[in-house]
Structure formats: C-alpha cells, structure tokens
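For clarity, chains are labelled A, B, C and D in written order, and residue numbers in each chain start from 1.
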Amino acid sequence: MSDSKHIAFLGLGVMGGPMAGHLLRAGHTVTAYNRTPARAQAWRDRFGSDGAAHIAATPAEAARDAQIVISCVGNDDDLSQVMRGPDGALATLAPGGLVIDHTTVSARIARALAQECADGGLHFVDAPVSGGQAGAENGKLAIMCGGTPDAYAAAEAVMAAYAARMVHIGGAGAGQTAKMVNQICISGIMAGLSEAVRFADAANLDMDKVLDAISGGAAQSWQMENRWKTMAADEFDFGFAIDWMRKDLGYAIEEAKALGVSVPVTALVDQFYGEVQALGGGRQDTSALIRRLPKGRR
Amino acid sequence: MSDSKHIAFLGLGVMGGPMAGHLLRAGHTVTAYNRTPARAQAWRDRFGSDGAAHIAATPAEAARDAQIVISCVGNDDDLSQVMRGPDGALATLAPGGLVIDHTTVSARIARALAQECADGGLHFVDAPVSGGQAGAENGKLAIMCGGTPDAYAAAEAVMAAYAARMVHIGGAGAGQTAKMVNQICISGIMAGLSEAVRFADAANLDMDKVLDAISGGAAQSWQMENRWKTMAADEFDFGFAIDWMRKDLGYAIEEAKALGVSVPVTALVDQFYGEVQALGGGRQDTSALIRRLPKGRR
Amino acid sequence: MSDSKHIAFLGLGVMGGPMAGHLLRAGHTVTAYNRTPARAQAWRDRFGSDGAAHIAATPAEAARDAQIVISCVGNDDDLSQVMRGPDGALATLAPGGLVIDHTTVSARIARALAQECADGGLHFVDAPVSGGQAGAENGKLAIMCGGTPDAYAAAEAVMAAYAARMVHIGGAGAGQTAKMVNQICISGIMAGLSEAVRFADAANLDMDKVLDAISGGAAQSWQMENRWKTMAADEFDFGFAIDWMRKDLGYAIEEAKALGVSVPVTALVDQFYGEVQALGGGRQDTSALIRRLPKGRR
Amino acid sequence: MSDSKHIAFLGLGVMGGPMAGHLLRAGHTVTAYNRTPARAQAWRDRFGSDGAAHIAATPAEAARDAQIVISCVGNDDDLSQVMRGPDGALATLAPGGLVIDHTTVSARIARALAQECADGGLHFVDAPVSGGQAGAENGKLAIMCGGTPDAYAAAEAVMAAYAARMVHIGGAGAGQTAKMVNQICISGIMAGLSEAVRFADAANLDMDKVLDAISGGAAQSWQMENRWKTMAADEFDFGFAIDWMRKDLGYAIEEAKALGVSVPVTALVDQFYGEVQALGGGRQDTSALIRRLPKGRR
C-alpha cells in the first residue's frame, strides 16, 4: 500500500492500544513500546496477526526506523519521559519525521515539544482526543489538533484510521487548549447536572418524566442524555475517570492563569472532584461528581 | 366546536399574549385580562378577528363566565394578586372549573393554590413552560405539569394549542420543581460555557473550529450549539432575561433548602448573575453571564 | 427606682431568658410571655425572687400595661406572630411606648414594623445581638441598633442591663443589616479556617505550633483564636447553631439581592452549611462547617 | 563577637534587603548577592557602614566563604536558580553549613532542597515569613520553620536579628505548609470582608459605626481591624501584593491536591484574584479582592 507507513506507537493503554490496532488494520507497520512489557505482548496477541506488529524495549528503539511517532501516555511527566533523553523517541526519529501526541497534557509542554521537534527538523502535532474508550475501540474519536499546516496534513492521513472527526484548530498547543475548552464546558455541565439530579430526587419527581420534559430544550446536554439515568441510579463505573479529569483541569487552570482569564466554576468543580476522590471515587466516571452532594431529606 | 371552551386568560405579556392568541385560533372563546389595559387592546387588535376575543377589567370579571382560567404573569406576588382576593379569579370561577398557571413561580405557592382550589371545588395545574418567546409565538412550548390526573387531562386538551411537548410530572408543585431542575442544569452549563468562551478567546483559538471540534461530544449542550457564537461576538440581546433567571433561581434555591439538598454552583451562578445585573445586563439573555468575566491578556 | 420600667418580654429562649433576668436585676418590672408556658415558669423560678416577674398568656396581655415591649424570638414569621394580630403586642401597647426587637430577622420586616409602630404612635428599635448564650448570661452582649435617635436613646437605657456594647448604626433596619455584615464576615472566615484546619491536619502539622505561628498576624481572627483547637479536635457542641446561621444568611442573601450587591462566597458557604445539616449538624456550632470536608489521605 | 557569622544573603528585595541589614546590625559579616547589581549597591549604601557588607557577583561566590546561606527571592524557579547549578550557592557552601530559605515556595521544593543539602552534608531550614515589608524593616517578622532540630536551633540564633516570633513547626517543608495554612485562612477572611464592605456600603451604613459594633466579636479579624476602613475608601496601595498571593495560593492548592484535601473557597478566591489582576490590580494589596465586586445600587 503506497501510503503505508512505519509508525512507532508509545503507550498501549485503554486508548492507545486500540488506536495502534486500527493503524495495523489500516495497513501500517507498527512498532509499539509500552512501559509494562506484558501489555505490549497482550496488544500484539490481540491485534498483530500478519507480522506488521513489532515490539520495542524503549521509545528510542521504537522510533529508530519509523517515519512517524505517535504517543498516548499519561501526563506531562510521562510524555517527557517517552520523548526526551537518550531513550526517548526524539533521540532516534530521523529528520523529516512526524510526531503526533494524543496524550492530554499541558499546552506548555506541547509548545515546548513542537519547538524541540522544529529544532531537530521534525514535525509535531498536539492531538488530544475525545470520545473515550468506546471511541478508541470503534475508531470514532474526535481529534483536536495544533501544529503547522504541513504537519497537520501529514498527521490527518494517519489519524483517519481511528477518527470520526479531526479539526486543525491552530498552531502548536492549540489542540491542547481546545481540549481544555472541552473539559471546562464539561465541568460546568456536570456541576449543574449533579445538583439537578439530587434536587429532582429529593423532590420525589419521576426521573424519567423530568428527563422527557427537559431534554428537548435549553437545558439539554450530551451528559443529560447519557448520564441522567445512571446518575439517578448511582451508577458510575464507566467512562472518563475523575483522576484523569483532575489532571486535565489542572492543566486548564494553569493555562487560564497564563492567559489572564478566570475560571471560578472550573476551579471549584476541580476541588469538588477532589472530594469525590477522597470518597474513593477517583476511578469512577466524571458523573460521580454527584456523590459529594448529600441526598435530600426525602 | 364541541370542545370549544370559555377561557379567562390573565397576563398578555411576551409569553401570555401569543399563547392566548393560539387559544383563539384553536376555536376557544377568550376573555383576557391584562394589568396594563393598552396591552390588552393591542392583543385583541393582533389576534381577535372573529368576536371570540374579549377583555375584562379584573381577573374576577374575566373568570366569571369561564370554565378555565389560565395565567401567565411574573412571580409569586403577581400570581397571588391575579388569583386571590375579591378581584382575583378564584373569587368568581365556578366550581368544577380548571385553573392552569403558566407562570414560573415557587413550588410553595403552586401547592398552596392547588389546595385553595381543591377547597373551592376547582382543579389546579401548575404548568411552567420552556421554549421562550419563539416557542410561545410558534406554539411549540414544552410544558411541565403538576396536578391530579384529572386536572392534567383537562389541561392537556387546552394547552395542546401552544405546546410541542407536555409532560405530567406528578402532583401539585411538580411542574414547578421540574422547571427548577431545568434552570439548575442551565446554570451549570452557562457557567462552564462562559469560562470556556473567555478561555478560548484569550488563547486566540479559531472559535468556529473549536465549536466544530467539541460540539459533537461529551461537552455538547443546546446552549453550546445556540449561544457559543453569539457569546463569542458579545451578543446578548435575545432570549430569556437574567432578571427572570434570578427570580427562577431564587425559587430553586429556596426549594432546595426545603428539600435538604445543596446547590452550591447554582447559588454561586445566581450571585454571578447579580454581578451582570450590576453591569446593566438584567434584560439580557442568560448567556450574558460571560460579561462578568474579564477578557484575557490577548 | 426612678427609671424602673414596666417591660413586656416576649420569648424566653436561650437568649431571651437570661436577658429578661438581667432586666429584673436592674430593677424593672417584667411581664414575660413564652409560647411554651413551662419555659415561662422555669424562667420565673430562676430569676423572679421579689414579685417583679409576671407571666402573661399572650403577647397582647403582656404588653397591656407595659411601657416597653422587648422581643427575642426566632425568625420573621415568629416575630410577626408575637407582634401583629389581635394577640400581638402591638395591639395593646399604649401610644408613646417603645418596642425593641432582639431577634435576628430580615431588614424588610424590621422596616415594616418600624413603620407600623410609627403609624400607631410607637417607637421601634431593631436591635439584633451578638455574643451568644454566654453574652446573654453574663450581660455582655454587643447590640447593633436601627431606629430614630429618640427611640435609640430610650432603648439604650434599658438594654444597658445586658449589653457590653451598644451602637446606634442608623435608621430602621440598620441594626439588622449590620448584623448581616457580621454574619457575612463570619462565613468567609469559617470557610477559610475549615479548609486550613483540614489542610494542616492532612499535612501532619503540630496544630498548636501552627496556631502559635500564625495567630499573631494577618491571618488572625476571633474564630481562629477560639475555634482552631476545637475544630482540630472535632468538637462542635457549643456556640451559635448552623440552623440559626442559615436563617441569618438567608436574610443576608435576600438583602444583598435587594441592594444590588453580589455575595458569592456567602451564598456558597450557605450551601455548604446545608451539607452539614444533611450530615446531622444543624444544631452544632458554625465551626462544624469543616465537617463537610473529607479528611486528607494522612 | 563570638557568635558573629559569615553569611551569604541572596535576594535584596523588599523583604530581603532590610533583613540582611538587620544581620549587619547584629554584628554578622554579610556577603550579598542580588540579580540586579544596582540593588546590591543601594543596599550597601543604606546598611553597610563598617566594612562588614560585601557584594558578590553570583550566589556561588557569595557562599564560598560563608557558614550560612540565607535566601529570599521570588518563587520556586528563582530559588532553584540561586541554589542549584554551578553558580548556585549549594555548589560552594562548605560541608556543615546551614541554608535558610525565607522565600515562600512550594513544600515540594523545600523538601527537595532539604534532601539535596543533607546529601551534601548541609543543614536546611525552610523559613517563610509573615509580617510584610513593615515586619522586615522593623525586624518583627513571624517565621514558620521546617527542618531538623539541629538545623532549626542554628537558624534561630541568626534569624533572631529580624524576628518577633519564630516557631519550629516540624520537619522539612513544614514551614512552607504552615505558611500555606496562613494564606488559606486569609483567602476566606478577605472573601467575607470584601462582600461585607460592599454590602454595608450599599446599605448606606455608617462604616465606622459598623466596625465599632462588630469588631469586638465573633466576626473580628486582623484584616477587619486593619483593612475595613481602607477597603471602604478604595485604598489598596500597600501591603502584600495580589501577584504574590496568587503564587502562594498556587502552591497551597497544589499541596492540597497532594494531601488529598479539598480547598474550594481558596481555589475560588484564587480565581477571583485573577479577576482583580485582569483589572490591573496585581500589585495592589490582597484587600483589593473587593474590586471585582460591583458596587451596589446605592
């Protein structure tokens, strides 16, 4: 296949594993690196039928013969570890190569890596995703991208393997800041929804009828349509974890400070998520925000 | 027409005027009362072509020969004035009559009026609406109802003239508490959206591209789809006014206290709306919440 | 004694009982009314040794031969009940009489009663207190007063029996608004202190040493000096109850809205107090605000 | 003088300059380093009369012949620059030496430096101060200290030159966390006070009388006693700057997250301070928090 590439994929977690699988299915050769080797084995067992799936012991090794490096790890520190230093991917990726980072990290590190790549003759795209585990499995992620037009164009052709929607927002870091915008919106929505569900429940309202009455209007949200019933049923064991959300909100709050804007409700909700973590809910869905609110007198 | 009714309509404002117009169109006889008489004249001039539109000098006079009384005034005090006392509609409506209130008021007064009606052999439905001026004009309101099954059934047949959706939520007051749930959700959404728009603007992002990237996912809301661009353009002169919103949130916060539930973000947003009122934005759309947030350093 | 007065005292609760006792000790004749008769008996048994303590069955009866009516009941509704209507004190107090209200109520009702008194040829002083049960017992209350200079002068002479400090703030209602200022300040202080104690504890700091280090500087407050150690020890069973505080904050938030000012942290803390009520802490001291904050990982 | 020491002092700013001056007065030999050389000259001109005041070009040079290194710079990055690397003080301070840091920084860097010092045979005390510029000028600072008992004992003898109060809170980092406790308390106090002043002003109350009435009771605070009148007069040009406060709150919020505690009001006030920065108030006193609140309708 003419546009088949050699791709180094770093981080085979809940998101990265299936994304790397889609790349194989699209005909690319993938050399994967995962910090915990067992997970790399499991990934090859699951996706790697035809010899196009390889495993490397370090990011540098994975990137050595690659044209493209794609990462999806945890946070700023993690990203720094897989990219920088003698074992990092940037040490071996040949000039002209492309780096796509799908990790949700700070705009600061995205801009720094873009600069480091530029200095080394590499292209960089910050490309955080939304759509969750389901989106990664089904190849239906939404991807927000920052980088030069050339870098984006090259990245788009590859990311198409697992994207339902790709948008080139702007220059380096713009993908990350767009993702922050997304998380800021969700914070407010979840705060209102949590209070609304507790209120409706305490008022002894028929939860389905309330949803029916209000979900077609100005109070509607994706979260209302998808989480109202589960929140009312105290079900939180799916979706995007609060521990991840606090990481993302931390970056958003830091960036807001740098931009000179105030995000009071976001900062408050971040603290409220801390209360849910203290209740043991860190691995639960962001809709578990409701857990910190005592139930009413009903 | 067999199901043509004699209806007293109290309050021909932005919402009530067109609603009463739809009743005429549906074949009912409407005797309207408006505190400011000129508005009643204007209403008859606009809607009353065939002699079915009458004007009364007091609510009591309007209700005297009516089978149904419908109100859409401002707040608790206003509702009390048009319903109670010697000039109020309850003084003259004949036993067996039906009262439908479309005003957004407290659940307390809704329950009290339901009781007063029951004591007088009348039926009562609290029936706050959503959908705004456009919904009233187009006859496409969503109506949340509280009351007995019989009362609701009778009300439904009439309200169909201007409703796109009617839901019988529960007993007396349940319509109002469902509306409060709606407003609590909107508070959180608007808070997040305001911070997000300011953030995106300060980050110098292309606002249309951000919307494109995030409006299909977990951050989506009706408000995002309908207000993102106008907020980014500082346009707030349409839609549901902040002065009304603070009234509604006041009732919601009071009811939350009575129900023993906490609504911290709602209470905070209510205060933030107070800051926008102080900036002169009381008559602007609820999306003007963003006005209290300084623009970033950009 | 030349300045001995006939005083009707309404409400012999935690605050009112000892206050009325001080009036007896100061040589006044006191006719007391308490809704629950047993409490009036207990009061006379405790304070009424020399025949100057009488008990009346209604506020109106207590006020019939009085020159001064003093009230210390619960909230707006309670105050309205003991003052207004055929059994209320205003029905029988002779023209020229003075009404002093020590209840913490809304400025609205204070202004309304001042007007009603003026219409009936009576003087009115709104005179909420601070200093708590200990202040009432020891006669060391601080009293914030609103009313005409004449009314205040007359009230001052009597209130001296139980006051450590009396300040004439301004016209009718000014005593109540000053008390609201007091409660707004306390809300912020308690919020900071709660978070600080949890933080210090989670950081495993020696709580006494921290107090020693910071209580002499810019972070100092009466609450820090008096509640730091008890909060650290989870002791909340003394002082001003959260149920009362929420009443007071409700009036303050309502008044802020009327005044066109925003009180976001006060409104937030009010909701947080609601969470403590839901945890069963309504009768505990305002410092129990800390209870809603989970303890750290320590 | 037997306990006269050779001291390297890094950072001759608003705080450090006068502190280093007190050390000279106490008989120590001080070699000062300041990033901007002119400031070092000005310092020697002001304080260095008898030949005990020297100036070095780098922290390493200042520390070469010193027994003690004292720093008072800006933030974590600044501290790292003056301590670490080839030009940093740790590169030259002889084993057995003592490092005292008066900068308000993160507990993380304090613990890291303590460890680095221990590894190099040095003692380290984190010793943030309170008392402001006046305290530094008058030698009346309160100092919160973290470190080993030996390190603290050695530091105490020297810091006495400018301290009114020194408290050894605990191990490395405990000085910084105690300072965070201080700033958390202040955040809540300033939030309440800001809303209270705006409220009192809108209610048209006599500000002096309100202060008189409430400053003796449960709402009292150092800030109330010292800032009530200046806030009411819109005077903010003195005292601890908001830019510094946000730095401190940033560290506190980060540490709270690490400790697993929630600081919602602190996080909210931090954002509100961001709004005051956007209004141009970053260099103003923390009491300028009130500036973000619109004045009432008065």
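Here is the rule we use: contacts are C-beta pairs under 8 Å (C-beta built on N, C-alpha and C of every residue); 3 or more make two chains touch, one makes a residue touch a chain.
Computed from a predicted structure; not experimentally measured.
Bringing chain B onto chain C by least-squares fit of CA atoms involves turning it by 180°, to the nearest 5.
Shared residue numbers account for over half of those found at the interface formed by chain C and chain D, and the copies are therefore classed as meeting with the same residues. Comparing mean CA positions across the assembly, the chain most remote from chain A is C. Centroid to centroid, with C-alpha atoms defining each point, chain A and chain B lie 39 Å apart.
Chain centres here are Cα averages; for chain A and chain C they lie 53 Å apart. In chain D, the positions touching at least two other chains are 256, 260-264, 268, 275, 278, 293-297. Chain contacts in this assembly form a complete graph, since each chain touches every other chain.
Those residues of chain B whose C-beta lies close enough to touch chain C in the complex are 246, 250, 256-257, 260-264, 267-268, 270-272, 274-275, 277-278. For chain A in complex with chain C, the residues that touch the partner chain are 268, 275, 278-279, 293-297.
Interface of chain C with chain D (complex): residues 107, 130-132, 142, 144, 164-165, 167-170, 174, 177-178, 180-193, 195-196, 198-200, 202-206, 209-210, 212-214, 216-224, 226, 240, 252, 255-256, 259-266, 268-269, 293-298.
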